[in-house]
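Shared between the two complexes below is chain A, which pairs with chain B and chain C, respectively.
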Partner chain A sequence: MKNSPNLSCYLYLKGIVKLDSFDEKYLESIKNIDKNNVINQIETLAKFHKSSMGCFLPQNVIKNKIGRMVLYNRTSLRKLSLYFEKIKSNPKNSFEELLTCRGEEMIKRAETSLNHIYLGEYLEIIKRSMKRNELCIKNSYFDNIRKNEKIEILNCDNICYDMVEIDGLYLFIKLKSKNNDFDYKELIKFFIEAENLTKESGDFMEALLSFPYYFMKCAIRYIDRKKEWQEDYYKKRLIKSIEKDGESII
Partner chain B sequence: MEFDELKCIVEDNYGLSPVKIEKIKNIFKITCDNRTYSLKVIPYSKERLNFILGAYKHLIEKGLNEVLDIIRTKDGCDFIEIGHGYAYLNNFFDSRIVSYDNPFELSLSAKALGRLHKFSRGFKINEEMDIRALWGLWPLNFKNKERDILSFKKEIINKKEKTDFDLGYLSLIDDEVVSIEQSLERIINSNYESLMKEEVVLEGFCHHDFAHHNVLINSDLDIKIIDFDYVVLDSHLHDLSSLIIRKMRYNKWSIEDALYIMKSYNSEYRIIDEELEVMSGFMQFPQDFWQVGIQYYVEKQPWGEDFFNKKIEKIYLDREGKASFINKFDKISYKQVIK
Partner chain C sequence: MELLKYTLEDELFEKYNLTVSEAVPNRKVYLLLTDQGEKYFKKINYPIKELYFIYNSLTYISEKFDRVLSFYKTKEGEIYTNYKGSNYVILNKVEGREGSFLNPVDILYMTAALRELHGASIGLKTDIVERNKTGALIESLKDKLSKMELFYKIGSITNTDFSELFIKNYKKYEEEAKKSISLLESSNYLKLCRDEKYISLNHHDLAHHNIIINEDKAYFIDFDYSIIDLRVHDICNFINKTNRNFNYDFEKCNSILNEYNKENALSPEEIKVLYGMLLFPIDVYNLTCNYFTKNKLWQEEDFLSKLRDKTEKNEFREIFLNEFEKIC
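Here is the complex of A and B:
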């Protein structure tokens, strides 16, 4: 479902403009991202959230995705755990061998991430987001949102109700995919300050960022065989995923 | 229905002057100068309307906050005739649909459901109502559905050219029939009969379509339950078990979520120990499998082969998770629910 013109109008009134593309010079400049760029992007996101929150539009205009990311992580974990139990004593190929070798550690890491979330202030964060009608852009990376005189965005089809923390996480997860070795604890701290959130939000973000997102994604792709890749290619992807996920920060 | 025709009906019956009328799913959103309303159409007989509206009005009269008040016509009537059916008017509730993926909204919804069941007690039926009742009929109902599935099997076998859906459906039938038999056995061996006898005298009812799109939430976090078209005289366990399934089907099975729903519900409507076994039997029944068969072979819904193929694949992929969930559900203790 595409977001309706109502949303574009609403965003425009809030000082957020939708463009068709960013200029070449800018696109070139975001090929090498440093810490300052990330800090600026965090400030841009904070401004976007501050300007856009409080909007109450019906379901057919903005989707409600609160809780989806955590739920997705939980279902991925369950699926992988079931599969892992099946293959661990008899891996059939090189991919499954690698999965059995690293699977237990990753499953444990995912469980720890989810336990931290559920034992923390997850419900309170949800309530805050609902009360303030927080909007998320979802694709919060440099190639979709930037700040000039106004906030400029390209794709607003994925704008939805969610917790502002999720936009920060999308940015950090994307940075991880590019193997950017930042101090994510520090960046989360900066995000919390820019968004004026509590320490509990920081704990939530640290826990969610420690989830082995890329490992799970690759393993689930193999389990579901949605992509017709050879086992060796899956194996290469899994090795890359482990690099992308980096170390847990909790 | 044309805008002008509907506008006249609203003007004549309610004395309102609509400036805009929009159709949103099964309601009309009617905007007047200073207020907005929703007109819900009930495309059934007068007797069916009496039952649906009777149950709905019972909840309003009992003071349930989670339903919208009905606006009466100039003549003091609760409904109007429209096309080949009827309709009733509410103030438009500026809201969005809840998401059962959001644990906070899930908890609010489960509590609202518990309150609905509590307030439904004491509903008096009369001869002018075309009632739907399922008291004590779950085993019979399951048996009838099993018969439907076996008739689909015959139909598929006799088909000369089988579609992908036919083959997918056929490959699952024997296993699903086993599930039905097990589900029936659980219900029959449980205290279902005596529980129903105790509950029927309370004269309550079920919403029977407690899907997330029938639960609305506004920015003050107030909940409203809408659309009582499928209301049925039956145990509260029917709605509660269905809510658990709705939340968890298609690979989201989780005993923690089931407990979370039951605890929220229990804070408004007390669950008793013996009911867990009945719920387990109800949840084991492959309702989705039966329903997609009805949609394909009986109703012949024009949703395309792709839709049905995807649906049967989803059901196939969900079976392991569901079976494992039912096993775990059987092991939970009553203390875990009320703790």
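Here is the complex of A and C:
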């Protein structure tokens, strides 16, 4: 039997090496991230994208996730909006009180984010990604991809067909979650330049980065009761989520 | 399991003058690597006259629309071969990748292709009762409703979580089913069925993996379930498939209708019939049917989780249907 097309082989041929772990010294160095580190990481991602795009491996090897993030956000928003309408006049516990208090503002912010995306060049960005067969690593943070002589990655299980912008967004969302107060508009500009993308891609990234991702995630977890947490714990998580989401940049 | 029933022997492939170097399992078929390129090898589980229905239908539409599967014929020019008591076909591989319902661009390409497929098949007819469903919908839905009533009775005396959840929500499903039937009865459904411009070849199994995207075009494969019926039947199935996992988003449905209507737009009567079709809780019916008749060998937990998922989406489905009603 012929071997199945192998992702690691494909990446290796493109100058991307899969490692089992990064050294301690490096891991220590990424505990405090500054702007230069982020710019370097953006350049690493751009190199990864440039090297790996044009991939033709089948979908049983690499999943196609184009459109997933925006659709996920849209679905979350609809779910929260419906729930919010039900509880807003009669919140049952401290979590719902907080949700009632901050929900409207966050729903509005999420709607604005999605409106910007749909009124922008979203479909054209998708078409570009499809045309170039762009690959995303998904976990684009420092603890999964770095550049030495070659691009080095640890986990390639989540590599998928998607728009390269999504890797930039994952990096920025993760940075926001660690309460890093960067100028994200400026970082998006760096990303666009490094990837040689258009201004419309920048608008798309700004809109998507302004979506209250962590707030939604926490609220949906509560609505679905996927985690058996107490209301107070949900409330703590929701407060933390609001901090993580930071301010909208659109 | 299905693949275990296949016979993979050189003698069979010799009938096609093919040298096969490898057979790779792919869903319910084999992908063959041959000296004539990649082919799909498929066992046919329905009568040969129905296979000819598919072949003749695809030949009929091919003048106007050729983005569909094609048969690789035997040395004698036959579209199938009988080997050790089973019928097989070999199909040329359609190049491209599987479509994705997550991707709005894919959905637009799929919709455009569906419109073209339907347009190309106007005038197509068949005498095969199993493949001609024109005019049969209302009776079929009545039959499904009576089966659902039966499942309700069985569920009432069966002590499982699945039954309990189904019983709890049954009245809502029954109400939707009755409203669907009543709306179709009062609509111009039968009048539409008498006018060939509304009737077309329906693919009837528009799962994402049956639609291949190559550059900016969509191609259809696997016509095993294809029928002749109102084109809105296919559109109804497509809207359900693209929406069911994403909380029944009316905007998504609207973008499908807008793309479809770019040529030979759906008439107001068709939209009303489409609404009647969408109203029927077909997903719940199919799931409960598979559960109570043991059609699928899924675990109890799998059935329950699927029903829970559908139940959780009831509210979104209701909103979706209310939005749809406004455009009727």
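One rule holds for everything that comes next: the second predicted complex is superposed on the first by the 245 of 250 C-alpha atoms of A that agree within 3 Å, B and C clash if a C-alpha of one lies under 4 Å from a C-alpha of the other, contacts with A are read in each partner's own complex, and residues count from 1 in each chain.
Going forward, a residue touches a chain if its C-beta (ideal position, glycine included) is under 8 Å from a C-beta of that chain, and two chains touch if they have at least 3 such contacts.
Not measured: the values here are computed from a predicted model.
Superpose on chain A as described above, then tell me if chain B and chain C fit or clash.
The answer is clash.
Considering only touches as defined above, state whether A:I151 meets chain B (first), chain C (second), both or neither.
Touch partners of A:I151: none, neither chain B nor chain C.
Could you tell me if A:L80 is touching chain B, chain C, both of them or neither one (first, second, both, neither)?
A:L80 contacts neither chain B nor chain C.
With both complexes superposed on chain A, which partner does A:L45 reach: first (chain B), second (chain C), both or neither?
neither
Once the structures are superposed on A, label A:L71 by its partner contacts, choosing first (chain B), second (chain C), both or neither.
both
Is A:I126 in contact with chain B, with chain C, with both, or with neither (first, second, both, neither)?
Both partners, chain B and chain C.
If you stack the two complexes on chain A, which partner ends up touching A:C160: first (chain B), second (chain C), both, or neither?
So A:C160 meets neither chain B nor chain C here.
Under the contact rule defined above, give the chain A residues that sit at the interface with chain B and also at the interface with chain C.
58-59, 64-68, 71, 74-75, 78-79, 82, 122-123, 126-127, 130-131
Once bound in the complex, which stretches of chain B touch chain A?
Residue list for chain B touching chain A: 24, 94-99, 101-105, 217-219, 221, 251-254, 320-321, 324.
Give the list of chain A residues in touch with chain C in this complex.
Residue list for chain A touching chain C: 1-2, 58-59, 64-68, 71, 74-75, 78-79, 82, 122-123, 126-127, 130-131.
If you look only at chain C, which of its residues touch chain A in the complex?
By the definition above, chain C touches chain A via 21-22, 33, 97-98, 100, 102-106, 108, 213, 215-216, 246-247, 249, 315-316, 319.
Looking at the complex, which residues from chain A come into contact with chain B?
Of all residues in chain A, those touching chain B are 56-60, 62, 64-68, 71, 74-75, 78-79, 82, 122-123, 126-127, 130-131, 133, 161.
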